[in-house]
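Down below are the structures I want you to see.
Each of the next two complexes has chain A plus one other chain: chain B in the first, chain C in the second.
So, the complex of A and B:
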């Protein structure tokens, strides 16, 4: 009810205008949206690549953060980044402890976009293998330690 | 999905796109609606009463700047509330007017292009006509027989005003039109009922009267002197009185016998603190009354803000009792846990307190319905129990202990079997895989048993 109203507003806004490099892939209901993002500068890691983000909203959105992960779909891959696990889970304080209800889908996309843009390391986070094998299906159960302020 | 939501971006298509920024700042950043009962935090950010209460019960931080804040420190933002009210009343007509104007302008431009190709001497003719030529609307002015009568757009513009008027003139017209349409003439029937512009600041007064005063504060100010031309302000209490009655009134004022107006609030008293003669002399019985206040009447209790309480100090039975007293159902589907009951009480507190801030408060049964609807919407979208943030791990692992134990025992059995006859390697592949799966599942949940096993 509360979440749906707010998402409806965001959606009508998104249909009207979006910042460059961000587009909507699908939003057929108010619980799951897919957004395509693209890095616009000439970062060799992500040049000419489009990545797909999956947003999962709970009933308490925007009080509670949405679950945001990268997904492999339609030939879209998971970007290489020291804070993005190979199963698509993103370690970003904005999506965890630093979430604030004034954020929205657009601002989250832009944050992730700039997180990719500023990255220069072609690597996965330490312990990526064990993490992916441990079978976390939802980022919500993970207690990330946000230790790196450089990226 | 495709419902029409009023949105700040509506203004982009109008001749005044700057209104987008204005409307954005009149909207709550949490729910993206126009503020309802706006509250300002101690860091100076404004949100809807209900939104900020919900945010602060989730985490005690301002959603915008992340500075720590608490509910009791919230204050009413009266100016914003007035701004939103007046903006909301004109929004629709303003948007329609501006959109019609823009459409008319576009049509006029098209017409101008067509005109220009057929009649190149048009501009000099226009200048001869009245000497004034507006840049924005070069063609859409009455030009005798050549004027188009058939388009709806031009008809709409005619209603608003002559189409060649500049934006400022027409917006003034809109204002005056709206002003006149929504300004009922306030005739003060009671001779002693005086003009009180401060009335709206007394927040604890009757909601209805204060909200009415908020809606039309501007209309009352200029209206009063013209309606009663022979009014004179009393030198003592500065109320407007008829000239013939002023002396009698002043006498009464000095004596302090004048009965206080029923609508006078605390705020009004405080504001006129510089006129001590108006005040009743303080007597001792009054002081003792203040010290031992009588218990709240039922009516007063209806207007009390509820306290937040503390989750770890509250007992489950107390929460249950409180909810029952309010009339909220407990244990609808089986026994509710303390966590669920506490969340319900918190949400009720938020709804209740926000409702008191509202200008048009709802009744209790409506609020209870709202609470139930809110809980249902929360439940409906929970993707899975295990993924829930406040998922109770211990309860879950206890409830499923037999299943987990059986799986672990099974895995141990196959492992020892494998040791006994190492030749049958292919048979053990399957159970080992399943054990790994179980381990992963348990790790994901963080069950204490899993670590031991």
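So, the complex of A and C:
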């Protein structure tokens, strides 16, 4: 109930206006949304690419953070980034320990967009192979160490 | 409570413009957020505050930063989220119950529990007024304490379990080696009646397994001869009998060991060294002959067994000065591996071996007559075991060295499989 009302508000705001490079792909219910994001400048790593973010909301959103991952769908790929695992899991403090209800779908998209824009390293996080093989799909169960303030 | 608050929100809307005191709100609910304004409510500021309240009290677009509902929405459908609060200096406003939900969620996370609650936007502290409860404070303190002491308790628990295990081992070892009668005298006192948990027992029994392990190395050579004197010689004066009393026997054992080592080093060590060197690879081929590494480990295992009487080091130390093959062996010894496990297990099993040897010796009528005490037969059995094992090990090494000398590589012949080469080579010996 709580989450639905808030997401309804967010959705109507999103339909009114969205920042450039961010668009809504699907939001048929209040538990799963898909957003498309695009890096606007000429960063060679992400030029002319559109990436798809999957938002999963629990019943206690926005008190609880949504689960946000990149997904491979409709030819969208997982962007190359030292904080994004090749299975789409994103290591971002905003989505974990530093989440607060003041964030919303739009602001999370913008944060991830700027995270991509400022990146210059064409690499995956260390230990990507073992992480992906371990099969963690839910970022909630992972204790990331947010040690890198450069990205 | 939320019902009550909803009502209050309704009244607030009805007579908008009438400023409400926050202390009033505090009385109504036991946990209430205090508006930042209230702290600045000084007499001098009363007039501007009043003036503000004369214009519409809030912006209709103002929304709760948690549930995103605006004041305007509440006019069409009544909210269940309680009164509006403005807990910090920035533009964020929120429903009281939304804020309280958010704070409760943060409290779920123990690491965040002790931090102050901050506005996510301006990072200023959000002040919470709540009923002071000694119970809750105590509970919270207890929770914190439990978290901190958990790890200590686990270590203490494991430590005491280890202590008990060592003590039980110590008691068993004493009964195995000394026999029931002498062991009773040692543990329960001379008459077996005046049992007293003395410091000798409290420290000596758990130390027994440790001492057994350490005695296989050179670490305690200096202290070992003194220990039995401390632990087994009670107040009674020394008296020499034949065979000597258990206390004297035990006290003499380290010296017997040192004597044995000297004799071994003088007469047998040169052969030991020579044969060991022959078995090991020569400097030129080290590391290439995989097969020999395997052999070497086996040889080391034998050495490990031998160390029951501390012989290991007697053999190893001169080896340092030996040729390169010897140096290679010493290096291997430093690696914690099967050798260490061997050393520990061998040391801990030693009392059992001693008791078994003593039992075998007890079957011989002559020895039974000369050594009527089980304890003395056990000690003799232990010494014999060490002696026999050393002789066997040395003989084994000699045979190995001989085998190594006889080795030659067969040239490749058609139809001969590699396995066959080995068997023929073995047959030839």
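Worth pointing out:
Here, the second predicted complex is superposed on the first by the 151 of 151 C-alpha atoms of A that agree within 3 Å, B and C clash if a C-alpha of one lies under 4 Å from a C-alpha of the other, contacts with A are read in each partner's own complex, and residues count from 1 in each chain.
Criterion: contacts are C-beta pairs under 8 Å (C-beta built on N, C-alpha and C of every residue); 3 or more make two chains touch, one makes a residue touch a chain.
Worth saying up front: this structure is predicted, and the values here are computed from it rather than measured.
When both complexes are overlaid on chain A, the residue A:31 reaches chain B alone and has no touch with chain C. By the document's definition of touching, neither partner reaches A:72: not chain B, not chain C. Contacts of A:6 after superposition: both chain B and chain C are touched.
When the shared chain is aligned, chain B and chain C each come close enough to touch A:64. In the superposition on chain A, no contact is made by A:121 with either chain B or chain C. Touch criterion met: A:17 reaches chain B, while chain C stays clear of it.
By the touch criterion defined above, A:134 lies against chain B but remains apart from chain C after alignment on the C-alpha atoms of chain A.
Residue contacts after overlaying the shared chain place A:56 against chain B, while chain C stays out of touching range. If you count the residues of chain A touched by chain B and by chain C, you find the higher number for B. In the superposition on chain A, the residues of chain A contacting both chain B and chain C are 2, 5-6, 9-10, 60, 62-64, 100-102. Residues of chain B that touch chain A in their complex: 1, 3, 5, 7, 9, 12, 29-33, 51, 54-55, 58, 61, 63-64, 66, 373-374, 377-384, 386-389, 437, 440-441, 443-446. Every residue of chain C that touches chain A in the complex is listed here, in rising order: 63, 65-69, 92, 98, 101-102, 105, 120-121.
Listed in rising order, the residues of chain A touching chain C in the complex are 2, 5-6, 9-10, 60, 62-64, 100-104. Remark: chain A residues 1-6, 8-13, 16-17, 28, 30-31, 56-60, 62-64, 98, 100-102, 133-138, 140-141 touch chain B in the complex.
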